[in-house]
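Labels A, B, C and D are assigned to the chains in the order they are written; within every chain, residues are numbered from 1.
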């Protein structure tokens, strides 16, 4: 019970600090926009078949931007050593991870909500008719990115070269997410849209496996 | 028999990687052993002076 | 030291026998011909690299629970040996693919998964160089070691399922092995596993003598 | 000026009736370090430290930089895990951990939140009753009530330190760990700090504070100890006088 209370309190703090400064959200959104635009130019979206190439590029853009967006997640807890204050106050250290995880999922979803229409315009793909299913795929994908990203942010905040380290650690780890969500999105944007439950199962399995790993071993990352 | 050379190449490279790995580890280990020897001597000297 | 000497000799003999078997005892494969013999090094190396990564994961979990440095040494040693075996797979793959199918790199399920595995564990080794304090490095890389190993089945599963969705003509491992080929394959697997054990032991010794050196340096400082 | 250690049985006014915060107990507790060792790679921050602090004692800890003072305080407040050795709390049933307040060099507060938001956040995390009332009460005692709704970023060093101490007192802890609380304080905050620590000490809380040699704070202490290279080298309980502990401390 205390875990839930701590998580909601911390989530309130995460979202409050984020929406008070809004820097992270704006820079991430702009970065996603840039990457999608550049992909569209290089792959000349209009000519090649956008239905198959597009989703892959969209998800790559999301992976790149999230690996950069998740950088400061634990780094900002090191200024003024607020991490120690949190560790002293919370009952279960997993609450710190859970709150940051949920906050990151929200940030990712907001970024994706902006990126989708832009992607639809650039690759002239109809998304409105499959929007709910699409959002489900994006939710599962974002949870997977946020779980691994938050854990790796706790790692990279303790290492040198942390700007490069997080993307290098995160991107190979997210291969299953990249494959499954791209395939699911392709299936949804195709002629007869179908919600591919097999790929959704892989996404759900990924999220579950890494959420449990974080729950079991996460606290050791915060130790001194 | 024409692509016999690629089979040889594959085995050469394969075993080569194992050999290079083992060699580099052995070389580093030798360096450490020698360093260890020198340190042990210095320890004995300082111990002898200490008595 | 004698035990390692004998063991090294045994492994060399075993490797020699395997090479002889791969070249002479195993029949030449009908379609691809001679170049198929690379299979006896390529495929078992992939399996042995997975075994090495499993040992590394066991080392990582044991370190998290017991905090004894020896488990961390095991984790890093077997990870490095695993990466060495992965490199062998990734290099022998194209050498086999080029003459057999005219392409240097085939996006075959197993080869692609091994590539991702290689990226994961090289990242693991690079992470270790980025953290200075020994205990912190051990704990953090142990966590990442567990994370990476949990990712392996998901990587293999998703790439295998992705490959079946988009079937591709080039097939690497010729499934239909006749009995003698299968025997030589198992012999090769056994010899490479013993080689893995030897390399891990050797790398482990390096770590323990490094620790010995450090404790000696401290003693000198203290006196 | 030297106060003898308060007899534990003396009545306790304020902290007695404060309700125990979840499984942590607000009553003051003693601390016992048995052969504590903390190694950062090849560097020994703490080396075979044996120290016992009785409930209600106010200990001044001195020693050169890097002698292990900060590590000792972090081990005591359970932020750092000792490589070897064991920290125990005599007087409490085994396994129970007393509420411990910790003030470090870093202010351990969110600069992008206001003073009130900071205290309420940590109060809710600790699970104390009516965090809002407790936060206002502590802001009052730190004379920060007027700046309750301004961002901590706009605070001076002295104000931040006072707020940090307020945060440490949220769970009404029986044990307080203060790491060089006086650094960077202006005279006005320094006076406030001295009165506050005297008040906390008189309430019977166990206080361990690291200080830089003889100073206004060290006179409040009922006991002094000096650390050097990770071990205890002088302790007034061990017969050393206050002067001898502090004199060499500056070497």
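Quick note on the criterion: contacts are C-beta pairs under 8 Å (C-beta built on N, C-alpha and C of every residue); 3 or more make two chains touch, one makes a residue touch a chain.
No experiment lies behind these values; they were computed from the predicted model shown.
K.L.:
What chains do subunit B and subunit C have as common neighbours?
P.N.:
none
K.L.:
How many steps does it take, at the fewest, to get from subunit A to subunit B if each step moves to a chain that touches the one before?
P.N.:
2
K.L.:
So using the touch definition from the top, which pair is joined by more C-beta contacts, C-D or A-C?
P.N.:
Between A-C and C-D, contacts are more numerous in A-C.
K.L.:
Between subunit C and subunit D, what distance separates the C-alpha centroids? Give it in angstrom.
P.N.:
Taking the mean C-alpha position of each chain, the two centres sit 51 Å apart.
K.L.:
From the mean C-alpha coordinate of subunit A to that of subunit C, what's the distance rounded to whole Å?
P.N.:
31
K.L.:
Using mean C-alpha positions as chain centres, tell me how far subunit A is from subunit D in Å, no decimals.
P.N.:
40
K.L.:
Please list all residues of subunit C that touch 2 or more other chains.
P.N.:
Counting only residues that touch two or more other chains, subunit C contributes 132, 217.
K.L.:
Can you tell me which residues of subunit D touch two or more of the remaining chains?
P.N.:
Residues of subunit D touching two or more partner chains: there are none.
K.L.:
Could you list which residues of subunit B touch at least two other chains?
P.N.:
In subunit B, no residue touches two or more other chains.
K.L.:
Touching pairs of chains, all of them, please.
P.N.:
Pairs satisfying the touch definition: A-C, A-D, B-C, C-D.
K.L.:
What part of subunit D is in contact with subunit C in the complex they form?
P.N.:
Residue positions touching the partner: 39-42, 44, 83.
K.L.:
Within the complex, which stretch of subunit C touches subunit B?
P.N.:
15, 19, 23, 33-35, 37-38, 41-42, 45, 80-81, 84, 87-88, 91-92, 95-96, 98-99, 195, 198-199, 202-203, 205-206, 209-210, 212-213, 216-217, 219-220, 223
K.L.:
For subunit D, which residues count as touching subunit A in their complex?
P.N.:
Result: residues 22, 74, 77-81, 100, 102, 104, 106-113, 117, 121-122, 124-127, 167 of subunit D touch subunit A.
K.L.:
Touching subunit D in the complex: which residues of subunit A?
P.N.:
Checking each residue of subunit A against subunit D gives 2, 5-6, 9-10, 12-13, 16-17, 20-21, 79-82, 84-91, 223-224.
K.L.:
Which of the residues in subunit B come into contact with subunit C in the complex?
P.N.:
Its residues touching subunit C are 1, 3-4, 6-7, 9-11, 13-15, 17-18, 21-22, 25-26, 28-29, 32-33, 35-36, 39-40, 42-43, 46-47, 50.
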